[in-house]
Every structure is written in C-alpha cells, then in structure tokens.
Amino acid sequence: MPSREDERVPLLEVRNLKVSYKTYRGILKVLDGVNFEIEKGEKVGIIGESGCGKTTTMKAIMRILPSNAIVEGGEILYNGTDILKMSESEFNKIRRERFAMIFQDPTAALNPVFKVGEQLMDILRYSKGTGKYDEDDLKEEIIGAFREVMLPDPERVFDSYPFQLSGGMRQRVCIALALLTAKELLIADEPTTNLDVTIQDQILRLIKDLVSRRDLSVILISHALGAVRGLVDRVYVMYAGTMVESNEVNELFRSPKHPYTRALLSSAPRLTGGGISQGIPGNVPDYLNPPSGCRFHPRCESKKFICDIEPPGFFSVEKGGKVACFLYAER
Amino acid sequence: MILEVENLKKYFEVSLGTVRAIDDISFGVEEGETFGLVGESGSGKSTTGHVIVGIYKPTSGKILYKGEDISVPLKKRPIMLKKEIQMVFQDPRSSLNPMQTVRDIVELPMRIHMKHMSSRDREAKVKRILEEVGLPPEDFMNRFPRELGGGESQLVAIARALASEPSFIVLDEPTSALDVSIQAKIISVLLKLQREYNLSYLFITHDLSLVRNVSRRVAIMYLGKIYELAPTERFFVNPLHPYTKMLLSSVPVLTEDEERLKPKEIRSTGEIPSPMNPPSGCRFRTRCPLAYERCSEVEPKFAEVEDGHYVACHLYNSQS
Amino acid sequence: MARLSLLTIDKESPRWRSLRRSWYRFRRNPLSLMGLAIVVITIVIAVAPEYLAPYPDHAGYYINFKEAKQPPSMKHPFGTDEYGRDILSRVMFGFRFSMTLAVVVLSLTAPTGILLGLIAGYHEKTWIDAVIMRVADMFIAVPPLVLALSICSILPPNIMNAMIAVSLMWWPWYTRLVYNTTVSLKNEYFVQAAEIMGASKFHIMFREILPNALGPILTKLTLDVGWVILIGASLSFVGLGAQPPTPDLGTMVSEGSKYMPEYWWISIFPAMAISFIILGFNLLGDGIKDALSGG
C-alpha cells in the first residue's frame, strides 16, 4: 500500500478531460469532463460498455489519439505536470521510459514480418533511452521476462514469428514486453478479451502476480465486469464519456450506487443463477447530440428535475466512494 | 426429445491433416427446453450447431429430428425441415444482408414457406414479429443493417428466425459480441419467445455464467467430445469432471457468493492442444491434475453416474 | 452506426434514401463531379452529333481541297483534315462511334460474364466451376490485342467484327471479378442464413449475392468504357475497325499521324478527345467506388 507521503500528489490525475472527434457527420462530443486519478502503486480498473470512451481516455493519456480528435479542455497531470502541454519530445521520453500499454489484440500489436525476439529487443532498447546496450544482455532480459510470464520454451519463442504462436502466447509476449518497459504505469486495454476463459484466468493471475512484485501502478480497462475484480483495488464506472461512479472494488460490486451501475450489474448473469434483468431501457446516447445535464438521464428511472439541466459532479459516499448523481448530493 | 444426436462425428480434411472437430458425441434436446452447449475454442461446439442445422454433412453418426433421421446436409433436406430448424449467428452484423431492409430480411422465410400469403399479409406479420422482439415497426421496417446497432441487428436476426414459425433454433454464441446490458435484453426476448411459442433452443456459448441463467441442462465439450452433461443446477453445484471444475474456477465473477461456488482445488493450467492432434486416451489428460496411466491408454466412456448426470472420466466410470 | 430521425425514414422508400446518401457522398468529391460532367457531355455529344456539330455532313463523303489542312480558326476550331473536313465535327461523330462500341461490347459481355461468374462461384469446387473458369482462363491467357487482331484478320475488317473481337476477350474479366466476389460472399452468415431457411439457389445467387457484388461491377463497368474505347481506337489505328469515311477517333489519329508535326491538329485533337472520354469515365468510376464503399 502506498505511504501517506506518496499520496500527496497522485501519479496520474485526469481533470475534466474533454475530447471530441471531427467526423463528416459533425462533431462527436465523446469525453465530457472525465475525472479520475491513480496513486503510485495503485491498481485501478475502468469498466464500461462499448463506446463509453474508455479507450479514448487511454489514448489521450498516452497521447496517441487519432488525427481527427480534438482535446477541448482539461488536464492530464503526471506527478503534477500537465502532459497535454508538454512538447512531443518531452512526453516521448516519459512515455517510452515510464509507461507501457497492453492492447486488446496481441496480433495487431506485434509486427508479423519480424521475429518476436528482434522486435522486443528494438523496443527494449528504445525504452531504455539513449546509450549503447549489449545485445546479449537485452536478449537475456527478454528471455527472463518470458520465463516470468510462463511461456514454454522461451528461447524458441524468441526466435519465432508471431503467427507461429497461439493467441495466449502472443498476449503473454505483449505482457512480458509491457513488464520490461513499464517503470511506473501500465495501461492494459482489454488484455484478455479475445482469449479463452481458462487462458484468461491464467493471464490475469499472472498480471496480478507480476504487478505486485514490481509495485507498478496499473490501469485495467474492461467491458467484462468480473475480469477486473481480482486484479484491482479501485474501480471507475464509465458511461457516455463520463465517470459515473468510483469505489473500492468489492464495495462497488456489492453495493453499487449510481443508477447506471446498478442497472449494469443487474444485467450481468451470475454464476449462482437467479436470472438476469431485461437490460437498460433506451439506447446509448448519440455523441452528435448528447443529452444535456447528466448523460444518463433519458434512461434513468430515478431522474429528477435537475438531471437534464446540470451535469452532476462527483459526490462522496461512504467508504471513499464517489458517485456522479444528484441522488447522493445531500450526503 | 425433439432433437437427438447419436454418435456424431465430423472430421475436416485440411492440407495439414484431419481436424477431428466432433468426435463421437451423443445428446438430446427436449421439446421446449434450452440445452446449453459449453466449451472453449477447438471444442467443436460451433461445428455441432452447424452440422445439426445442415451446413456441414456429418462424417458419421445420426441426427434425429422428431424421430426422423435428418443426418444430411441442407441441399438434401426436405423444405419442411428448413422451416422447422433455424439458426442465429454469433456476429449480428454479417448475418444480415447489407443490401436489404429489415422488412425484406424478416419477410424472406415467409416468401419461401408461406406462399399463400399476400404481400400485405406478410407486411402485417413482419410488423407483428418486430413488435414482439421489441423493435417498433414504424421505426425499423425500412432500415438497412448499417443503420442498426449490434443489439438491434441481433433482434432482427431473431425476428427472421421466428418468421417461418420454427420449432427448433440453434443459437451460436448469440450475445458474445454484445455488451452486457444489451445481452440482457436479447436474452429476455429469447426467453419470452420460448415461453410463448414453446421453442426448443440449442444454446451454444463459452460463457458459463450466462448458461447458468438460461438453460435447463448443460453439456461441456472439449476437443470434440462431451465430457460432462447434467441438469444445470447439478452441473454448477456439483461438477464432477476435472475440466468442468477447471472451467468453473476460471470464470470471472462479481460477488462473494459466486466466488464460493467456484471449485478451488483445480486452477487452470496449460494450453488447449490442437484438434488435429489430440492427446491419446482422454483428451484432457495433458492438463488434468488427476490424470493417471489409464488416462493415456483408454478413452473414458460417457456414462450416467447419477440421475441425468453423465460424465466421461475414469475417476467415475470404474468399468470404462 | 447512424441514427436517423423518424421523420426522414418515414416518408421515402428505403432504396431511394440509400441512393440519396450515396449521392451526397459522391457529391463531396469535386473530381467525381468533374468525371460526371465529362461523361454527361460525352453522352450528349454521342447521342446527337447531328445537331451539335457545326458541319454535320463533313462526317460522310465530303471533299474540299481548298479548305484542306487548315489550322484551328474561328471557322474551324479544331482545324480541317487532309480532305478539308471540319475536325471538330468529325470528332463529335467519333464520340458516337466510340460510345456505341463501348455500349454494345459492354452490354454483351458484362451480363454474360457476370452470370457465368456468379454460377461458377456459387458452385465452387464442382465441375461447373471448373468448366466455366478454365474456359475463361483460356480467353484471358491470350493477349487482348493479339486476339482481336487475329480475329480481325480472318473476318472482313469492319465495325461489327471489331466489336465481336473485343467482346470475345472482354467477358472473362467480369467472370473472374464476380467469381471471386461470389466465393467470398458465399461464406457470409447472411448467405448461410438464407440457405438454412430454404431459399432457392436462384434467390441466393441473384438476391443475396449479386446485389452485394454490384459495387465492384459498377466500378469496373465505368472504367471499362475507357478501356474498350482505347482498344477500339487501337484497332482502328491499325486499320481493322472503322473504315473511311466513318469518323472514328482512332482512325483519325492514325490517318493524321502521316501529317505530323506540321499539321499537328489533325491527330492531336482526336487523341485529346480519346483522353477526355477515358478521363471522364475513370473519374466517374473512382467516384462511384468511393461513394459506395463509404459504407
């Protein structure tokens, strides 16, 4: 657990981030003031359904947004400094030396025409910054990382092309790479979504183990609600470009507060049976003309008169949770 | 039983060898029930659905529908059968013809099987079906598939499946590509329709939590074979086969209650072998913590252990 | 995923709506519009050269050596040729010939080629596929101009036979295109769904697969107009197409080449006309492809 002194300045703090996309149909106002933070050594999950803006947020943090994206406002503070205002080269240094990202599709993340070992050596060299590095040392580091992620026959994997490995093995390679290059922050965007359940479980346990040993901060993104549970301390729930709730992970699943979170969780089938709800009435909003005020209000059964006028801020609830809903405004 | 599968096998010949996608499975679906078929990649569950529906021809074995042998591919099947058995696919987007409107798509089965209906009759029926699946006809009749969301596309696919008034529907991972809240909507529509029309479903999925909530009985497949089959409650509360336990222990869950249900003694290890070269004897033995010599020599027999509860494992079948 | 308001969907037929959307996309690209303009102009000229040409009778037997080989002027904007005929008028009539060639060849070859490709593709890996595609392969294997030339050397050289020659080597390209599209579409879920519900082969080929193959076909058709004209012009250039005095752009280029470079206008203007037509159809074809694939 991080000490009190470290908590003074969060490792990463996103403040009121607003991002839009320019398309030929008009401007899609996707992120509408995203607020979230992660302390050093903390593991945070972000859950939300497709189109809610989780990947956009991550791309904004890593500054890999597509060319038609516009950052309309807000700040992303890394150790107190706004990375959105940094120059390309300044941020590049931070990104390659301190951050790492695991993408959803391991096949797309690896270049198919180069051997795995070659690619990783290049990336590792780049991430270590300027200087000469002995090739054999690099190779040893990589093989060591392969062993940690339990890849069978690491030497052979090093000499293989991506297509010669299974999906699970490819994702393990990406995880190994992320662990080699992440000094401070690891962002994992749906790292196990395309894998079989038994492999998924292995990989999540692996990530958990490796992350704890290295004291990395992790942001884990998933649309599969249960996948984050074993790995993170705190969870944010995202809907239509805003964070609607955040809480300690078990508390959130046990006692969801925001109407969206509650509706979402009651839609999820339980291993213990008991049936599932009929889903959430209405549709996800159109980002061209998003609802005024709270973006969930058209679908909310607890809507009050103020909900379509003002967007709610984050209100505190018990156990350190926060909810963006006027139902909790008085507390 | 509305559908019975007996000793079904389906092998595919590819350049590198033979893929034994389905290798001797037997099970049956009762009228009006949802039968869950669960498995990971390479298990053969999707292929099973495809063979039942007629897209593939069985290599050997029998498929019986309402007592009659239908073990032939589509082109040899009588037209009546194609009215009775329908399928809903995994990817809602590509299961709808992009150049046709929702009305065209849902109307097609009627044009084939109900030739006595006039255009106006058909239109009325399309409207009725769209309402039943929760898509207001005025809004949706004239839309093209690219104007539909994922959930809406799947509802149109379900409406289409209903249009011929079938008795049996194969649902191949119908909600795997959809978000959780949309999945809930689709499932509730499916269950409602089942109650109303006494439909029988073969529900193919990899999501154990989902199958717990929709099916009456469950079978688990691994590398082309069924290793356990039981009524749902029994399957989850008292799983017998080591693979079932391994799969259950890997399911990502949300609550403490669910955690407690997960078997703790077996955690997932190893990779899934290739279906072209499955391990000898019991195919699961390479990942099974309880495997012993017999497991590599003799294939375990699929036998009833308790009432309605079948397992294929040497640990339970003393004489196999 | 587009969400349309109820109002727009209600009032108009869905196909019209879809066409309108494609048109909006098409309209956005100025090059496509230019292509469309050129094509429209070409068609108008091709349809009614008698009314548009300043000297319509120069397209037939006309000799006036006093006016021969005049450079471009107010009276003859494109100049006159070696017989004193107005080149502008003859170019306009040449449009007619070229377009006729294109229309005839493509209306013979496209439907045949498409049909064969559809049938072969749907019956992939059966004898039907084998027969059709191997025959198509044979025709493709022969270089087009060689095939055309050899046919034209056997038969008397005239327009009709030129068109036959060009058609014979044209159809297999449609067959191949549609074959490949059909084979890949055959495995789509929506085709499987139609098979499962018992749709007839005819329905599946013509109502499920073909409409989804139209995009590439349409694009190819527009680009082909240019190609057919070019091949036709090449045939005429070597004397195997239109016979004098029929004004054909290729013949005009060929005949005029004798007088290069002093009387350059006799060849250059017809050549530019050929480029003009081809450019127009190419731009149009690209525009259609972009508008349709916009999704």
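Order of writing sets the labels: A, B and C. Residues in every chain begin at 1.
Just so we're on the same page, a residue touches a chain if its C-beta (ideal position, glycine included) is under 8 Å from a C-beta of that chain, and two chains touch if they have at least 3 such contacts.
Chain by chain, the UniProt names read as follows: C = ABC transporter permease.
In this text the structure is predicted, and so the values were computed from the model without any measurement.
Chemist: From the centre of chain A, which other chain's Cα mean sits the farthest off?
Modeler: Centroid comparison gives C as the farthest chain from chain A.
Chemist: Per the definition of touch at the top, where is the C-beta contact count highest among chain pairs?
Modeler: Comparing chain pairs, contacts are most numerous for A-B.
Chemist: Between chain B and chain C, what distance separates the C-alpha centroids? Give it in angstrom.
Modeler: 50
Chemist: As a quick test, compute the distance in whole Å between the mean CA positions of chain A and chain C.
Modeler: Spacing between the chain centres: roughly 53 Å.
Chemist: At what distance in angstrom does the C-alpha mean of chain B lie from that of chain A?
Modeler: 32
Chemist: Which residues of chain C are in contact with two or more other chains?
Modeler: Residues 2-3.
Chemist: Going through chain B residue by residue, note those that touch at least 2 other chains and give them in order.
Modeler: 149
Chemist: Using the touch rule from the top, collect the residues of chain C that touch chain B in their complex.
Modeler: 1-4, 6, 9-10, 13-14, 17-18, 188-190, 192-200, 208, 211-212, 214, 295
Chemist: What part of chain B is in contact with chain A in the complex they form?
Modeler: Spelled out, the residues of chain B in touch with chain A are 40-41, 149, 179-188, 206-210, 212-213, 232-233, 236, 246-258, 261-262, 267-269, 271-272.
Chemist: Of all residues in chain A, which touch chain B in the complex?
Modeler: Chain A reaches chain B through residues 49-50, 166, 168-169, 196-202, 204-205, 223-227, 229-230, 250, 253-254, 263-265, 267-280, 283-284.
Chemist: Quick check on the complex: what are the chain B residues that touch chain C?
Modeler: Touch residues, chain B against chain C: 53-55, 74, 79, 82-83, 85-87, 89, 91, 94-101, 108-109, 112-113, 138-139, 142-144, 146-149, 157, 160, 164.
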